[in-house]
Every structure is written in structure tokens, then in C-alpha cells.
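First chain A sits with chain B, and in the next complex the same chain sits with chain C.
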Partner chain A sequence: MLAAFAHPVFDSQRSFRELLQAMARPAMPRALPVLPPAPAPIAPAAMAILLTLCDATTTVWLQQPEGEAVRHLQFHTGLKRVDKPQDADFALITDPVSMPPLDAFARGDLRYPDRSASLIMQVSAFRADGQTRFAGPGIRTSETLAIDGLPGDFWQQRTAQAPQLPLGIDVYFVAGQQVVGLPRTTRLLEG
Partner chain B sequence: MTYNFAFLDEDTKRMLRRSLLKAVAIPGYQVPFGSREMPLPYGWGTGGIQVTAALLGPDDVLKVIDQGADDTTNAVNIRRFFARVAGVATTERTVDATLIQTRHRIPETSLREDQILVFQVPEPEPLRTLEPREAETRTLHALADYGLMHVKLYEDIAQYGHIATSYDYPVRVDGRFLTSPSPIPKFDNPKLHQSPALMLFGAGREKRLYAIPPYTEVESLAFDDHPFEIQQWEHQCELCGSGESYLDEVIVDDRGTRMFVCSDTDFCGQRRAEAQA
Partner chain C sequence: MDTSPHLARPQWMSLLAQSDPADLAAAMDAFAPPADLTWLRPAQTGLYMLRGRIGGTGPQFNFGEITVTRCSVQAGDHIGHAWVRGSNTRHAELAALADAMLQDDQQQVPLRLHVIEPLRRALDRRRDEASRRAAASKVEFFTVVRGE
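Take a look at the complex of A and B:
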């Protein structure tokens, strides 16, 4: 079995501060400070998020629940694994192209919009030269960012959920050492 | 006796961190959290110190203010508490701090993107004095039905000729949730709008966390014919001469002599140091 964070208290604190800034400043890639060992198919950056935020009180849905990865997560975090995406506080998407539709995850209810899923999605790369621009809370004017490795209709699915705000899904994209936050309030600008 | 770093155990910090991330993702919405008993009484910043404990790392430089001042009991004690249980560096200078915990003021010095402001909140629910039932206020938030608050402000105008609310002045965050800015003077409300720094709010007794992300629309409620206005003084600070800071009226002897001084002690002290140099 692989190890987790070498310094659990300080590594999770530093990771959390980057995640907090990633959520507060959407579509801006940030470097995670610590990349713990991770068994396939989990990327080290995704593992850093799971170790920082998950424990015996969180439910997690794994897209590819492979034996070694499941044992590793359950040993180090004690998280509760669920079989239905709808029941998950956190969902780990290791292969975005074959992921379930966004509607499969919890969006919260109007009295408790915080009872919604947080997705951790392992994508292939972030590029600043793309055509996709974002706006919303946390973004001063607009941010340009292309995210490679998403299903073709991902942005259409996400835009279709926008009218339900404040209900929605919050996403952490990871690629390499980088993390990008995309809360439900971030809008994709046309053109 | 030794404590875990920053006093709280890691399970509690993780719970706080998950709630804070949801709070940032839903600007102005009050996220319920499992508030812990802290070694100071409710009303002294138990929410604020739990948020600070969840954020704090060994590289942080912490500043704590109470009504703008670094040297009042509440500020001194909280600063000392974290120096002891986390061993972090502390400062009274706004520009040197990475993390600022505050009771009822926002510093005069503009904050930066790499700073986080943590507010101590006694009553997170802006509608509570108008509607005591939690189930009901929750429904009003769900429906974005904020007529009650507009009626309250209208009644101020009908009775006094102007909106008489001068602190804890309600705001609408990102055009959606009606939010309490905590009991800061309405003078500070414009600093909430499009702030470069992330702002986090903790209410320990009421067990709620919420956030205003950076660069977010924050509108103080008002009417077209009664626009939002901040306090103004005919005086300037008698110590540093500032005409643009929030002033406290202080009685200085037993014959009722008064003077007006900056409530932000760091801002005032820096200005006096510059004037002397």
C-alpha cells in the first residue's frame, strides 16, 4: 500500500488554501503544493483533494472503482463509497469522456443548495490560448481558459443547469499539478 | 498540555473546510456547520476563530482587530490564542497580514488579492429580527423573497425621513442572496463590492458560515429616490487629520469633552508616523 500525505496536518492545510483560492477565483489554474502517491486510475492531484476534504462523514462516488484505488482511499480517509452518483458529496471522474450526465449528480435543494455534489475531474490539460471565456463571482472581468479532455456536450449540459441557480454542481478540474475551480456561478461567455 | 496545530482537531477542520468551499461556491448563502465549543464565550468570536483555525498555516501572518483596533481585549486575546496554539506570526499592520480576523470593521487600507478577511458574526440571518422562525427565513431565501426587508427600510423612511439603519446594513450578494455584512458600519459596505480579497464569515452560536468571493457584485439595499449613503463627519481625525476614515467619538474627561479619532488604529498610526518622518 502507498503512503498518503507525509505531513497530514500541514499538507492538507496548504492544499486546502489552494482549493479555496481556486474556488474563489474560478478558471484560474493554481498549483497544488503537495502531490501524494496515488494508485491508478487516480491522479496525484485528485488524491490531494480527496485526502484534504474527505473522511468518514463524506460520501464519494468513484467512476472507476478499481480494487487498489478503493482500498487505498478507504484506508487513508475512511470515506463512504456510494454506488449511485446521486448520493455522492464528492465524485471522482477519472475518465471524463465516459462520465454520466451532469444531471446524475445532486444539485442541492432550494432550502439547502449546499447539499450538492462536488466533482473532481481529471482532465488532460489547461490552455490559456483557448476561445472559452468565463465570467461570474471571483472573476474581475473575464478569464480565458481551455480545458482539454471533456465530453463534447459538457458545456451544453452545464449551461442547461444554469437557470436552476443557486442549485448546481461545483467542479475541481485537475491536470498534472494544477487545479481549476469552477463553481456553479461561473458563466461561460458566448463566442 | 499540547493541542493539535491551531487548536481544532483535523476532522473538525475538514468539516469547516468543506463548508467554506460550498460557502464560496454559493456567494452569500449561509452554510450550516457543526460549530464546536471554543475556549471563549459565544459572542466573542467563536465563529471567526473556527474559520481562522481552519485556514491557518505556519506561514501565515495573522492580524486581529476589534472595531478597527488591534489593542482591545477581544483582539489581543484572539491574537495571543493563535500565537500560542499555532505558533504563527502576528502583526498589527494591515499590509503585512495574510489573514485578518475582524470584529465589526473592514480596514481602511485597501486589501490585496493574497489576503483573506474573516468576520465574526453574531447574527448571520439578516431577516431574523423580522421573522424569528428559521424554517420561514430559509423558505424566504429559497424563493428570494426579500420584500420584508424592503418594507423595513421603507418604514424607516416613513418614520424618520431616511433609512436609519447605520450598521449591519443588508446587502444583496451576486444579485441573489440577501446577506448580513456582520455589524460593520454602513461606511464599510462599499468595500464589500468587487473586493480583491476573499471575505469569509463565521457565526459560532448560530452555526453558519458564508462568504463573499473576490470581485463579486455586492449591492446595499436602497430605493431609487433614497439611494444608499455612507456616514459623513464634519470632523477630521484629531490624531492624524484623516478626513476619509471612519471616526469614533471618544469622551476624554468627566466634563464631556469629546474628540473624534480614527477607529482603525493601524491606519491612524501609519499616517502619524508618515507625518513625523
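Take a look at the complex of A and C:
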């Protein structure tokens, strides 16, 4: 078994601040301040998010529930693991190419749109030179960012969910030390 | 308390947690901590809610909160855990370390001899003294049985 944050209180507070900022300024990569040790297949940046956001009151779905990773998470966070993506507050996607469709996750209901899933997706890289542009609250005009390692129809699936606002799914992408927030309100611009 | 010569893990964890921290520190002084120590969960202090049936009957209720310090350490293949009452982090660390080392067959025998046994005697003595003090203040109530 591995250790978690060296300073549980301060490290999770600093990480929380960055995650808050990542969601407030969508599609802008930010560096996570602390990278804790993480057992495969969990990336250290994803582990930092899980340690910061999850505790005994959150349900988590793991795409690849490897024994060591599950033990590590349960020891350090006490989170409740669920077998169905639909039941999860948080979902850890360690292999995005083979992930379930976005429809498999909770989008909340009209009375409680906050009862939706937040996805933590481990992608391969972020590039600022891509063709994908985003707009929406928190972005002044538009933000250009390419995210490598997503399933081919990911953006179509996401766009298909857009009319259901305020229902939807929020995503944290992680690659290396960086995190990108993509709340449900961020639109992908065509062309 | 269990009086069998060999305490099982739950009993030694309980004993380590209830021992006097100074006694535990003195006893553990003779043992070098393993080289490959990982503090999985550094000692941290929090509150636990005590629940119980006072008097042993009736439903459980929240009796009150208690300060607890917990700690987990990995030594080799063994993981030691400790939960101790109060906020003495050194006590929790030593108890977790002792728990991890006691799971190692090589170290178990000397540890039982030089740590567990003296601590158990000290704890028994402390309990004995407390019960003597309590016994000395015992008051017998006699009631006169009313006729008919």
C-alpha cells in the first residue's frame, strides 16, 4: 500500500482551490499543486482529485477496479464504490477509449441538477494548438484546446446532451500534472 | 482480560492502545524500527462518537464524543494500525509500529517478551489498583424489611 497526501488537510485544500479554479475557467489547463503516490491504473493527478473530493459520503465508479487501487482508495478516502455508472457521484475513467457512453452516467434531475456525475478522465495530453474551440461561462471569447486520447464520438455524445441543461455531466480531464475542467455549460464551437 | 499466554492481534492492539505511552516508549526503545517504514497515514487526531447502552440494557444512544488519534504504518509486508484515546501522536505511532512488527514472525517472540508482557502486567496492576480504590469506598446499604 502507498501513502496519500503528506499533509492531508493543507494538500487537499490547495488541490480543492485549483479544482475550483479549473471549473471556473473551463478549458484552461492548470497544474495541480500536489501529486500523491497512486497505484496503477490511477494517475497521480486523478488520485489528487479523488483524495480531495471523495469521502465516505460519495459514491465512486471505477472503470478498472484493480484490487490494489480499490484497497488504496478505500483505505485513504473511505469512499463507497458502486458497480453501476448510473449510481456514481464520481467516475474515474482510466481508459477513455473503452469508456461507457456518457448516457450511462447520472445527469441529475430537474429538481436537483446537482445530483449528476462528475467524471475524472485520464487523457494522454492537452494541446493548445488544436482545432477545438470552447465557449461559455468563464471564457471571455473562446478558448482553444485539443484533448488527446478521447473516444472518437466523445464530442458528439457531449453535444447531444447539451439541450438538457441544467442537466448534464461535468468533467475533469487530467494529463500529467495538469487538470482541465469542463463543466456542462461549456460549449464546443463548430468549425 | 484474556489471560492466555499468547495474545491475538485484536488483544495486543487493545493492550498497546491502553498502555501508558511512557511505558510503551521505554519498551520499544530497545527495538530498532524496520528500515523500510512507510507512514501510510501519519498520526492524526479526530473525534469519534461513542455509542452504548448504559447499564448494559436498553437501546444504544450517543454517549459522547471522544478524542482519538489514529495512525497506520507499513513495515515490509505488514501494515500496523493504531487507534488510541487522546491526542498523543507519539503513542499512536508507537502502537502502530508495534502492531506492524508483531505481525512479523521473526520479531514476534522478543516483542512479546519485552513489550507485550511488561505492558500487560502494568495494565493489570493499574486495573487492580483502581478496583481496590473503588472497593475501599464501597458502601453497603441495608434496608429494613417492613413487616408483613
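Basically, the second predicted complex is superposed on the first by the 191 of 191 C-alpha atoms of A that agree within 3 Å, B and C clash if a C-alpha of one lies under 4 Å from a C-alpha of the other, contacts with A are read in each partner's own complex, and residues count from 1 in each chain.
Throughout what follows, contacts are C-beta pairs under 8 Å (C-beta built on N, C-alpha and C of every residue); 3 or more make two chains touch, one makes a residue touch a chain.
From a predicted model like this one, the values you see are computed outputs, not experimental measurements.
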Chain B versus chain C as contact partner of A:118, first or second or both or neither: first
Tell me which of chain B and chain C touches more residues of chain A. B
Applying the document's definition of touch, where does A:140 land relative to chain B and chain C: first, second, both, or neither? first
After the superposition on A, what does A:13 contact: first (chain B), second (chain C), both or neither? first
Please work out whether A:53 is in contact with chain B alone, chain C alone, both, or neither, and reply first, second, both or neither. first
Set of chain A residues, in rising order, touched by both chain B and chain C: 8
Which residues of chain A touch chain B in their complex? 8-10, 12-14, 16-17, 19-21, 23-25, 52-55, 57-58, 89, 110-114, 116, 118, 136-140, 165-166, 170, 183-185
Touching chain A in the complex, chain C uses residues 38-42, 44, 72, 74, 79
Going by the contact rule set out above, which residues of chain B touch chain A in the complex? 4-5, 10-11, 13-15, 17-27, 29, 31-32, 54-58, 113, 138-139, 141-143, 174, 176-177, 194, 198, 211, 213-217
As the complex stands, chain A meets chain C at residues 1-4, 6, 8, 75-76
